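Submitted below is the structure of interest, expressed as structure tokens.
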Amino acid sequence: ETTLTVHYPMPGFFKDVMDTISTKFMEENPDIKIQFANPSATYEEGIQTIMRQAGTDEMPDITFIGLNRLRMADERSIPVDMGPLIAKDASMAEQGFSDTILKLAQVNGKQVGLAFATSNPIMYYNADLVKAAGGNPDQPPKTWDEVIELGARIKALGNGVDSVDFRWQGDDWMFSALLFGAGGTMLSEDESEVTFNGPEGQKAFQLIDRLVKEAGMPVFTKQAGEQAFVAGKVGFAFQTTGALRNTIKNVGDKFDLRTAEIPLLDPENGKLPTGGNAVVILTHDEAKQDAAWKFAKFAAGPYGASVVVPGTGYVPNNELAAKSPEYLGDFYKENPLFQAGLKQMPRMIPWYAFPGSNGVRVTQTIVDNTSRVVDQSATPDEALNDAADEVKRLLPRS
Amino acid sequence: MSALSLRNIEKSFGGNHILKGVTLDAGPGEFIALVGPSGCGKSTLLRILAGLETADSGDILIAGRDMTAAHAADRNIAMVFQSYALYPHLTAAQNIAVPLVMRRLTRARRLPFLGRMMPGQRKAVADIHRDVRDMAASLKIDHLLDRKPGQMSGGQRQRVALARAMVRRPSIFLMDEPLSNLDANLRVHARGEIVDLHRRAGVPTLYVTHDQAEALSMADRVAVMIGGSLLQLASPQVIYEDPQHVEVAKFIGQPRINLIASQVEDGATVALGGTRCRLVDRAAAAGSAVTLGIRPEFVSVSRQGNEGLPARIERLEFLGSEVIVYCRLDAIGETMVAKVTPAEGADLSPGVPVRLTADARHIFVFSKDGSRLAAAPLSSIVTREALHG
Amino acid sequence: MADLAAPSTGLAGTVPRAGTPEQREARIAWLLAAPALLLVLVFIILPVAAVIGLGFTDFELGYADFRFVGLENYAELFDDRTFQRSLWNTAVYAGIVTPVSIFMALGLAMLIEAEGIGRSFFRTAYFLPVASLLVAMATVWQYLFHPSIGPINAMLATFGIPGPNWLGASSTVLYSLSIIGVWQSVGFNLVLFLAGLTAIPRELYAAAEVDGAKSGWDRFRLVTWPMLGPTTLFVTTISIINSVKVFETVKTLTEGGPNKASEVLLFTIYQEGFVYLRVGYASAMTVVFLAILVVLMFLQYRVQDRQVHYS
Amino acid sequence: MTSASFTPGRVARLSILGLGALVFLAPYIFMVSTAGKAQSDIFTSSLSLIPQQWFYVQNFAKALSRVSMGRLLMNGVVVCALILVFQVVIAIPCAYAMAKLKFRAARALMVLVMLGLLVPIHATALPLYVAFDRAGALNSYVALVAPFTISVFGIFLFLQFFRAMPDDLIHAARLDGMSEPGIIARVIVPNAWPAVTAFSIFSVVAHWNDLYWPLIVVSNQAYATPPLGLLYFRAAEAGDDYGALMAATLIITFPLVAAFLLAQKRFVEGITMTGLKG
Amino acid sequence: MSALSLRNIEKSFGGNHILKGVTLDAGPGEFIALVGPSGCGKSTLLRILAGLETADSGDILIAGRDMTAAHAADRNIAMVFQSYALYPHLTAAQNIAVPLVMRRLTRARRLPFLGRMMPGQRKAVADIHRDVRDMAASLKIDHLLDRKPGQMSGGQRQRVALARAMVRRPSIFLMDEPLSNLDANLRVHARGEIVDLHRRAGVPTLYVTHDQAEALSMADRVAVMIGGSLLQLASPQVIYEDPQHVEVAKFIGQPRINLIASQVEDGATVALGGTRCRLVDRAAAAGSAVTLGIRPEFVSVSRQGNEGLPARIERLEFLGSEVIVYCRLDAIGETMVAKVTPAEGADLSPGVPVRLTADARHIFVFSKDGSRLAAAPLSSIVTREALHG
């Protein structure tokens, strides 16, 4: 009998999901016991905990790491390379692990994990407000211009109603949604140059500026935006599809909640960052590694996805799960709110992870400068250039 | 017109009736000592008078004006507290100045910085300084003016408290056991000082103490308060030599008066050993219980003779100028105390059998309810006045 | 029965009876203080020493090796804008929370002391925030401070005042956090002041009244304030320390944002050490932080102690 | 002073106090109200304290089932009790020695205590973590308790209290034949209850609610303390399960409030007696 | 062999020389009162003796054994403190039992639960209970045994403190102003009790007080300590009637002795008004300054005649059984105090001119350094012994 200690972040999302998956797993693998370590509130706290514990007896056997922190973890040689395990395993593709999906959890070609929950940014909207402002809820805006125009009308409804909540706080994910959506990149191919301050980035920041100026987007904190939206006081919210289940619960039947694909600055070539996390094996114990691999595959596999998707709002990380009626096929038919994320799947590219030891700082710099635009203390160009300068300084000089 | 008059003051705390209708008048410049056992309500009365506590009923008149409802600060009453209640953070000079500052400077002037810039401020402050210094000089505490209370001895603190009370020429002066924290020698000395001060200032003073020696030696009149009632208000001599109540007799006099239970005999006489007295107004029926009181200095002890009550010396207390003799009356199982001179006490020692005789002229007779019954030595009936001639 | 006859020296105890009584007393004192001393050493002194040591390295969490970089970290601190910002923010925060929570607590304590009824209710009501669990309270405050659906702004709106964007705007976020800080610390100070007030002899107030201090303010100036000196000194000390140590609210409510408007020292240290994982640099910050606290306490004692009267 | 009549001054005083209490309690009122609301009922544009649907049972049930509340509370009690016992047992002899015995190091100790007051656990968490790890003591009551066994605040508080105790009492005890530890056990401690109560409240409140340190040293759920348990109701991205969170908070806060209510008289008394002079 | 002997005890605090070589012997069962003004070092001496403080030099012998370095607990000394120092958390019975428990039960037996199970425990505990009850009965506090100190009056606490000290039959009994917290009446009563107790227990006792009346009335011998030195150690009578130092005469006696600066005249005589004495050993040269002392009770005041010192009555203090007369000697600018009976004082009042005569047999002559010079009334030289017959 093997006991695996599993650590995961954001229990608010994943506790029930994890419990279900592990119960099922243990049923199927009676010789493996899963026990959970104390979960961490955020990805950042999660990775900290792991780094602290790395090399100690406390280190769990398996953890779930935010996709953009995999690189950082790998630089510290924390994850076990899954390459050999995959190589041994003949049936990867059969189990729904396509190459695109595998790529999400690779760092410089090394398979450091398996994507477990994947997300992309979508548009949530309050159909009641849209209607009240004279829009058609069944024809949600397709472009940012439409969003801004309709948002302005919603804002004009008064009574404390706000137009837009764009989730720019926390990390660079939503900025990259705009940037990638305009076809831009963070850094040049060889990671030696900052490129996010190019025209695409400028468009992204200008859009944020317009959201504020023209649509009257207020400065929300993360929770404040969430609370206002579920209270029915915000027209559009742009954030991860992973929050969908909780949003549905919080909204209840206070208003008609809808979702739609997020507008892209470049509707043709625009891409979207993949949020979410990957299951990572930490244990170097041979015997445990086998069990861990089993569990990782199980969690990231079609069954896991079939639990994660309805339980949270994440999009399936597994092609089999998405298509097979055994898993989620019917679910999507019955739950149209979940379809926005699904439809965007083809546009998903990895969440960019910055090289070097200052990765987290870099994302913080982008957030800080975004906030300057949102609270209108800097022009988009100033903020963007400041961000670029600062990020340049923080990148490894080589 | 009396300087101060209290009319029928009543006060209860919760269910406890503490003051039971106290009426008291003080003449201008009079020094009245209020004595009584602990808890009898002395401080309460004083606090009511000062306006720190409100009476349930009764009136307070100061110099003829009704002050029953006036604010403490408006009564112009000065008070010295048992603990002195000096402000520990202020120097002696600042302590003494407080009542002047509070009265002479407007609120604006008292502001920390602004005050200094107001016109006339300098003069006002200089006046206060001068008055404080004068007061300190007259109490001989000039050298202490810069010290804080924590750096002073009990006696020094007491003088600072007096100075603080006197400096503003109050219309009435209240003192609540101001000497009780001083040691014996200092206390005797301080008594003199307070009397002196009172004489010079001429302010009517109500002085609370539970030390009867203090009351007798300092006051023009002594008010004896027991259990919330004023039992007697009279000059020290009268209080001592002519107590109107057994409690007064018991409370005043050191060592305590000897009290012996007895009965009225036929012919309205009472007997203490061989000494007999007759009740003057013959009010008490024969056989009714009375208490006889005789002060220790009027009990004489002799080793010879077989007159007087037979007793045995239990203990002698040498006090320098006098000797207290504790004598056991074996017959009635009581102890009688006599006060003799060292010379008289020289041949006495514990265990010696003696005879005690009481001076008939100084026997007090108290009825069962404690009130005094007029009596006279049986041998020669003299009027009470003659006794105090 | 034999032990009944034990000589009275039987209670000699663990301490050998050698040396002069003074030496004996000193030895016992050492023994009694030893456990505390040892633990202070192990859990305070040594870790602080370790932090000081780390401050001279480039240690990063996750990497096994590190090198000594001398004063490099400290040099970097000098032009670290985030650090300067957080120094300033911490100063502002402490500058608001310390005096406001002290004077508010004092005022409330005097009102409660003067009031006969409901003492224990008020005491509990004001103390409750001290016992609050910030993980959960953060959510509540988030809601109360909500710019559009929050009760505070709703209330302001009924008076026709447009409510600010409390936690969202960089201009108000620090003040909003200060309000929470005050809310959390008033109860603590209040209890201390209540204790201080009960210790003031009633006779002093009587004396003040007789001396002509007619108004409550006069009595406050003459008696209450000076007599509370030692309590105030203690409360000030604790308040300064606690407000400089502000962390939880920032971590749970604002993450230092927006745009570092609510970065405070401990949060910056946490961010550097645990999020950016630069333990060496964070250690250098910690050393500076501790140094600031020490200097602050020293100054505060020098200034205030002189004016405080100890009875 | 405490007459039964309602003078204008008294009415003003009571209204200020009452209003203030309301403001201070507002977050709690909101908490209690939220604990009874359905998730969709919580954030609405209309301010209503009364839940539309009565959801207390569901939320409390969730709070109790989602985490093993019994275990959490037990851990909380064990950890706080151990911390308190150690703090008191270690601080009292030290404070006694500093207050009542003559030894030269007393002043230096005092400085140490004052400096100790300044060091937050946040500052030393990392070296401590490393040390506990090396000792293999993470994920244990030892790790949760050990760093707090020494409370300089406690030493400080007891020191003040003992200084106010009459020397004569200790002299009498010495003459009666007590050793110094005997004096502490038989004279000091029995008379230090008010101070111990006061200190207990401070200590228990702080450690019951502490999240920072348990988060660092505990990964095994068997040792999770109540605030760690609350994490399960928190989602970083969107919408905590507020109703259940508030219900759980109420469950966790209740023991503290009850303890404070029971001890508050002694608590204030205890602080009074310590005099708290620096 | 003396029960207690202190040899040349010296003690300084910081730079202050508090005890300047104190030597004192107490016989078995002797009651010695140590008096002196506040701050003279009485408590310090007691604490050194008890082992609570260490002397800088000097030796302490108890029943012949050197105890200078012994631990307080090993000296078997009992002490009653001014504050009583009762354990506030224990009942009276438990308080009294503490010294017995500490001495009779081993550490193991004192353990809360285990102790009970040890053999012989019951007997030992029962013995302690019995002893406590016996002690309580003899001090009449049986009914208080279950109360805690907070529920007792000052007098009751004092008795419990006495019981706790006595119960273990100490080899020496120390008391540091045990009565100073009691009020005057209770104090007088308690004096008797302590003397009684001492007599029954027969333990040598050192009793500290600054109240000279206590010292005189209670002690077998009185030690007067002033400024850290023992000035005289003798029986109360000798201390009062034959003080060997001006400070002793000044400290003992209430009201204070009258001291008048004077000079030795030719023929080694000194004069106080018309009263003359001759110095017995003629040691002092003519013209050397001396101080004459006369106690108030030996000064007589008369309104008639022109013998004696002319004076003016300044103030009268009525004390019930006696009257203190303050007389101003205008010629030399000093005040002389006389103590007279109320009868004698009846015709005196402030401002009245009087003549003062001193009883020549009771004039003390002190040299400039304060030491007493033997002197005798000039008219009839009698030996000093005869004076005290």
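Letters A, B, C, D and E mark the chains as written, and numbering starts fresh at 1 in each.
Here is the rule we go by: a residue touches a chain if its C-beta (ideal position, glycine included) is under 8 Å from a C-beta of that chain, and two chains touch if they have at least 3 such contacts.
Since the model is a prediction, treat every value here as computed from it, not as a measurement.
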Chains touching both chain C and chain D: A, E
Chains touching both chain A and chain C: D
Of C-E and D-E, pair with higher C-beta contact tally: D-E
Centroid-based (C-alpha) most distant chain relative to chain E: A
CA centroid of chain C to CA centroid of chain E, Å: 54
Separation of chain B from chain C, taking each centre as the mean of its C-alpha atoms, in whole Å: 54
Distance from the mean Cα position of chain D to that of chain A, given in whole angstrom: 38
Geometric centre distance via CA averages, chain E-chain A, whole Å: 91
For chain D, residues contacting two or more additional chains: 43-45, 177-179, 182, 231, 234, 240
Chain A: positions in contact with at least two other chains: 52, 160, 170, 227-228, 231, 233
Listing of all chain pairs that touch each other, if any do: A-C, A-D, B-C, B-E, C-D, C-E, D-E
Touching residues on chain D, where the partner in the complex is chain A: 38-45, 66, 129, 133, 136, 138-139, 215-216, 218-221, 224, 228, 231-241
Touch list for chain C against partner chain E, complex: 1, 3-4, 6, 8-12, 17, 20-22, 24
Touch list for chain C against partner chain D, complex: 8, 11-15, 22, 25-26, 28-30, 32-33, 35-37, 39-40, 43-44, 46-48, 50-51, 54, 108, 111-112, 114-118, 120-137, 139-141, 143-144, 149, 151, 154, 183, 186-187, 191-192, 194-196, 198-199, 230-231, 233-234, 237, 241, 245, 247-248, 266, 269-270, 273, 279, 282-283, 286, 289-290, 293-294, 297, 301, 305, 308, 310
Of all residues in chain E, those that touch chain C in their complex: 51, 54, 69, 71, 73-74, 76, 102-109, 119-120, 123-124
Of chain D, residues touching chain C in the complex: 1-2, 10, 13-14, 16-17, 20-21, 24-28, 30-31, 34, 43-45, 47, 90-91, 93-94, 96-98, 101-106, 109, 112-120, 122-124, 126-128, 130-131, 146-147, 149-150, 152, 155, 177-182, 184, 205, 208-209, 211-212, 226-227, 230-231, 234, 240, 242, 245-246, 248-249, 252-253, 256-257, 260-261, 264-265, 267-269, 271-272, 274-278
